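Shared between the two complexes below is chain A, which has chain B as its partner in the first and chain C in the second.
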Partner chain A sequence: MQLTSKQSIASALAMASCSLLSQQASAQEPVPANDDWKVDAAIMYYGEQDRVQAVEAIGNVQKAFGEDSLLDMKIVVDSLTGASASGAVAQSISQTFTRPSGKGEYTVDPGETPLDDTFQDTRVQLSANWQEILNPDWTVNLGVYGSKEYDYLSLGLNAGVERSFNKNNTTLALSGAYTNDTVDPVGGRPVALSEMVFRGDYDGDDAFQAAFDATRLDGDDTKQTADVMLGVTQILNRNWLMQANYGFSSVSGYMTDPYKILSMVDGNGESHGYRYENRPDSRTKHSVFLLAKGALDSGVIDFSYRYNTDDWDIQAHTLETHYRYYFTPSLYGQLHLRYYQQQAADFYQPFLRTEVALPEYASADYRIGDMSAYTVGLKFGHRLSGGHELSYRIEYYQQNPENNGTDIPGELNNQDLFPSVKAIVAQISYSF
Partner chain B sequence: MKISSFKQYIKLLFALSIISSLAGCSSLGVEPWEKDQFARADMALNNEKLDLALDDHIYFSKEGTSGGRSLAGGGCGCN
Partner chain C sequence: MLNKAAVTSQAATSKAPQVATLIRRPWGFLGSFSAMASPCEMLMRLDDERIAQQMLNIAVAEAGRIERKYSRFLQGNIVWQLNNAQGQAVNIDAETAHLLQFAQQCYQLSDGAFDISAGPLMKLWRFDGSHQVPAASAIKSALKLVDFSAIDFTDSQLTMAAAMSLDFGGIGKEYAVDSTAQLLSKRWPKISVLVNFGGDIACPILNPDGWQVGIENPQQLDNAAALLTIRQGALATSGTTRRYIEVDSKRYGHIINPRTGYPVEQAPLSVTVLGPNSVTAGMLSTMAMLKGAAAEAFLSEQGVDFKVFRYD
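Take a look at the complex of A and B:
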């Protein structure tokens, strides 16, 4: 339609605003949507300052079969690029490292935290879960999981059972999962605590390759994880419920990060080479999770606390809250706050000492060192007609690694050995 | 000997506390017609499951511990 006069512009605007108003009105009414299908999709960007950048797309489809059966399918695709901390310490001179593949080297400037810039991967994850309500008291579920990236494959099964009591005010849930992972690192798995070799120290490529190969183990390795979780959900009153979970996890197999190293440091804090890390091949973990969630007149609020402990001596406390406020019935804003604090694994050390005998296990990966972290996030959501919802969120995440009590020798006192990691998360989601 | 009896005492105390808290639960709760607030979509525990899954993946990749809210949902090489 072509507009030929001011009057027709005015009437077109009036029509447009009427249709917008009627859409608003319909959004507030319960819409008899097709309940059989529910689709949630989101795309997320995660970016660290000067380090890892990731984009993750996620899609979830839910299909109900009658009143009692529910199929849930999820696909996740993510892509990572950028640099991650290798574990080596900064020095006042430049440092050169052999790439994990053994092909090529990279150099880090004086005073800079060594980052391995070869970090690049794409991952695809698929999962499906079937839930069946057997009768008003019992619900069971069964699921499968698979995740594949270039150097890693994870396959898993999970199952759970729920029992309702007390007029459905109390629900007990027991679930279990078993996962088998296969690790096949680029360049092979390093021999535990073997020394990094450099091309410059050898006369020819063949001599270097032979020396590099001597630091590597053939073939892939595996890791098995068995998880059990026991949970209770309790309605407290008309507005509040609480949940308490206990989780147990037993992991055995290859848990070393094949791309992480430690600097060999002398009494003056000067580096004399690097060694590949080595972690124990078993880990037993426990977690306790407590959540309270309340319905408010114009919003929702939840608080949670999590305690983790394991036989690597890592202990962690996590406090988290989400507060949602409805500006109108179809528009909400939400605040997300999270605080995390972790105590280092007993074999964590920021560097090895040249004058001390090598330990059996060692890692300088700050992610298992002393650390605190916090997240501040904001989210806005629009409820659209037909039960659709569009939301977007932006979050700031900062990690503050700390010294675990290690004496810092000589020149290392001039370096930032525990630099903060700062990241932004941005996400758009759509549900229908 | 002393340690094992202490452990047994702790186990008994733990079992008693679970039983008593479950028994205590039976006095908590509301009648079926008072559950209007829990029928709200935003009161479901998995209401924002994509956000929770994405957050779990970030924290799993960047921190030394994970899980708690639900079964971790499988592994990846990102840690």
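Take a look at the complex of A and C:
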């Protein structure tokens, strides 16, 4: 047993060191690292100037089972109120719109961007994720997701696998997700590019209802999304790591926003009615993400760049950085800067022209138009005794939609067709 | 003694007052000071600056205590008394007896390759740029004075021949690391700490996030060539010196085999070993060095994690 006698040198030394130190370090039972519940709770406020206000409550619970298993459960409840841009353009006279439900109307003052103020919803989102470290090299995870709001249901499954190399210096990750969404809008789905009808044009309620129903489709519709992501994380040295991800996403089904409309504008820039938007029913997206993250003497910094492109012709670039500075080990401040630039979808147009034949697809939703946006944020975190942490975050966000090259006719030149959206985000979080 | 670069003549300068600094870091506190001719670091995962300072004070005191007691460059300490006893019996305390017992076990387990009585031989091989290989006759006579088995000691007394000398440099720094780690973990059993005295490291309390430890490539000292994560346990490195003698285009490394009196052939540049504590890891790395070309094979047989650097 030559091998055994050679091996015994290490154990003989360990025993000898034991009597030298009269206590062997390795004799201490490894303490389970996080065999406890970890709970994060946060409340967030999001407020756009004159538009959407949202309050969101977030609860996150993590439970470790031994060293290798982790269950992560999250609940988010948010409540939205306020108004959002309908897609119609401002005019020099007041404009009246039929509500999406077909019940009632609302009027927008001259010079004002039309906002649909019926926007009010509560959303509940639940997710659970199980992570299992199979061995030092392989980690797998599996998750489920569901969210429900009045007119929308989303259900999803996701799974991922991670492989570590070079003593954990390199990690390759592959993950996939499948989501099925069901949309059942208030008042039904509008017929693509159908014209908005008005109560005042009809003699009785029944006649109006029949005309309104003619612009609507029965039942709900669905959307399926399949995502695949491939990522690599590389530790460069003691202080820096890099991450690179490629994401592919294939979406099919109903992607039209049933509440968005387009103004029909003549050569003088005057509006002659509104049509409900229509978007393609398939979309293929690609994204590339690069991140560098470094530990500084008294802080942490990261820089990231993201490129998104899809077959709707949307292209977007995001530059982002976070810099965290520890004033003391239990108090940090964090600066967040983000810049986003987007090129419009090929079917985006700020309005339809009465003298031009209708396109197959059209949307005036500013969110898929040309735009740039930036975020400036500050966060402070304070670690309390017993491992509790309290943090506060406040951010300013501004979105600047831009003309995608459309000629602006007549009186529309007097209107702000691409108004900025300004928002404040405030959040308080508590971890225990 | 062997290749412990840390205990060189520079050790004399460490009698200067030690200045310890404590710096806040994202994960806790970093303490640093100098002892045993080495940069020493304490990585402490906690919020309370007062406790971090206490931990650092304990480390500075323990490193200083062991250095003063076992440095062969200081007059009057126990090592000086033993080396100047002129063949008379010297009383030793329990700690010294434990260290001698450990050295004896290392001597036996290495078949005599690790020997804390190798001082007379080491004096001949001075890697000071003199580019001289000692005379064969001088090596032969020095070898007669190198024999740990000829030293007679009990729990309370040691007797050895007048010309012999002892050097605890080969285990002293690792012992100081473990002793410090033990003091801290007994007093604060829930605070993760990494004790690093010149590259010999112990982490007595589990750090769930792990500590990132860079291992230098001795040929490219500016870059950490490998990173490893330690959650609990110890790490020690032998080697990490660029010194060698080159005579008639033959390169003599700095690892002297006390049995032959000559440098070990094909010794690695450095050997880093993970172990349950620093003295075990340190002794395994030293023994691997002495195996020369067989260093990797030896460590593989021991079933320990290791990293070996050699000349390109």
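In this section, the second predicted complex is superposed on the first by the 397 of 432 C-alpha atoms of A that agree within 3 Å, B and C clash if a C-alpha of one lies under 4 Å from a C-alpha of the other, contacts with A are read in each partner's own complex, and residues count from 1 in each chain.
Here is the rule we use: a contact is a pair of C-beta atoms (placed from the backbone, for glycine too) under 8 Å apart; a residue touches a chain by one contact, two chains touch by 3 or more.
Because the structure is a prediction, the values reported are computed rather than measured.
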Touching partner for A:136 - first (chain B), second (chain C), both, neither: neither
Contacts of A:405 with chain B and chain C, given as first, second, both or neither: neither
Contacts of A:204 with chain B and chain C, given as first, second, both or neither: neither
Which of chain B and chain C A:235 touches, first, second, both or neither: both
Contacts of A:167 with chain B and chain C, given as first, second, both or neither: both
Which superposed partner A:66 touches (first chain B, second chain C, both, neither): neither
Touching partner for A:219 - first (chain B), second (chain C), both, neither: neither
Partner touching more residues of chain A, whether chain B or chain C: B
First, second, both or neither for A:345, with chain B first and chain C second: first
Partner chain(s) touched by A:149 [first = chain B, second = chain C, both, neither]: first
Footprint overlap on chain A, where chain B in one structure and chain C in the other make contact: 167-169, 235, 237-238, 295, 300, 324
Chain C partner contacts - residues on chain A that touch it in the complex: 3, 6-7, 9-10, 12-14, 16-17, 19-26, 28, 30-31, 33-34, 167-169, 235, 237-238, 295, 297-300, 324, 326, 328-330, 332, 383
Of chain C, residues touching chain A in the complex: 23-29, 46-47, 49, 98-99, 101-102, 105-106, 109, 175, 178-179, 181-182, 185, 202, 204-206, 208, 212, 214, 223-224, 226-229, 231-234, 275-277, 279-280, 283-284, 287, 298, 301-304
Of all residues in chain B, those that touch chain A in their complex: 22, 25-26, 28-32, 34-38, 40, 42-43, 45, 48-51, 53-54, 57-59, 62-79
Residue numbers on chain A that touch chain B, as the complex places them: 40-42, 44, 46, 56, 58, 60, 74, 76, 78, 80, 121, 123, 125, 127, 145-147, 149, 151-152, 154, 156, 158, 160, 165-170, 175-177, 179, 181, 183, 223, 225, 227, 229, 232-239, 241, 243, 245, 247, 249, 257, 285, 287-289, 291, 293, 295, 300, 304, 306, 308, 310, 314, 316, 318, 322, 324, 340, 342, 345, 367-369, 371, 373, 379, 393, 397, 399, 421, 425, 427, 429
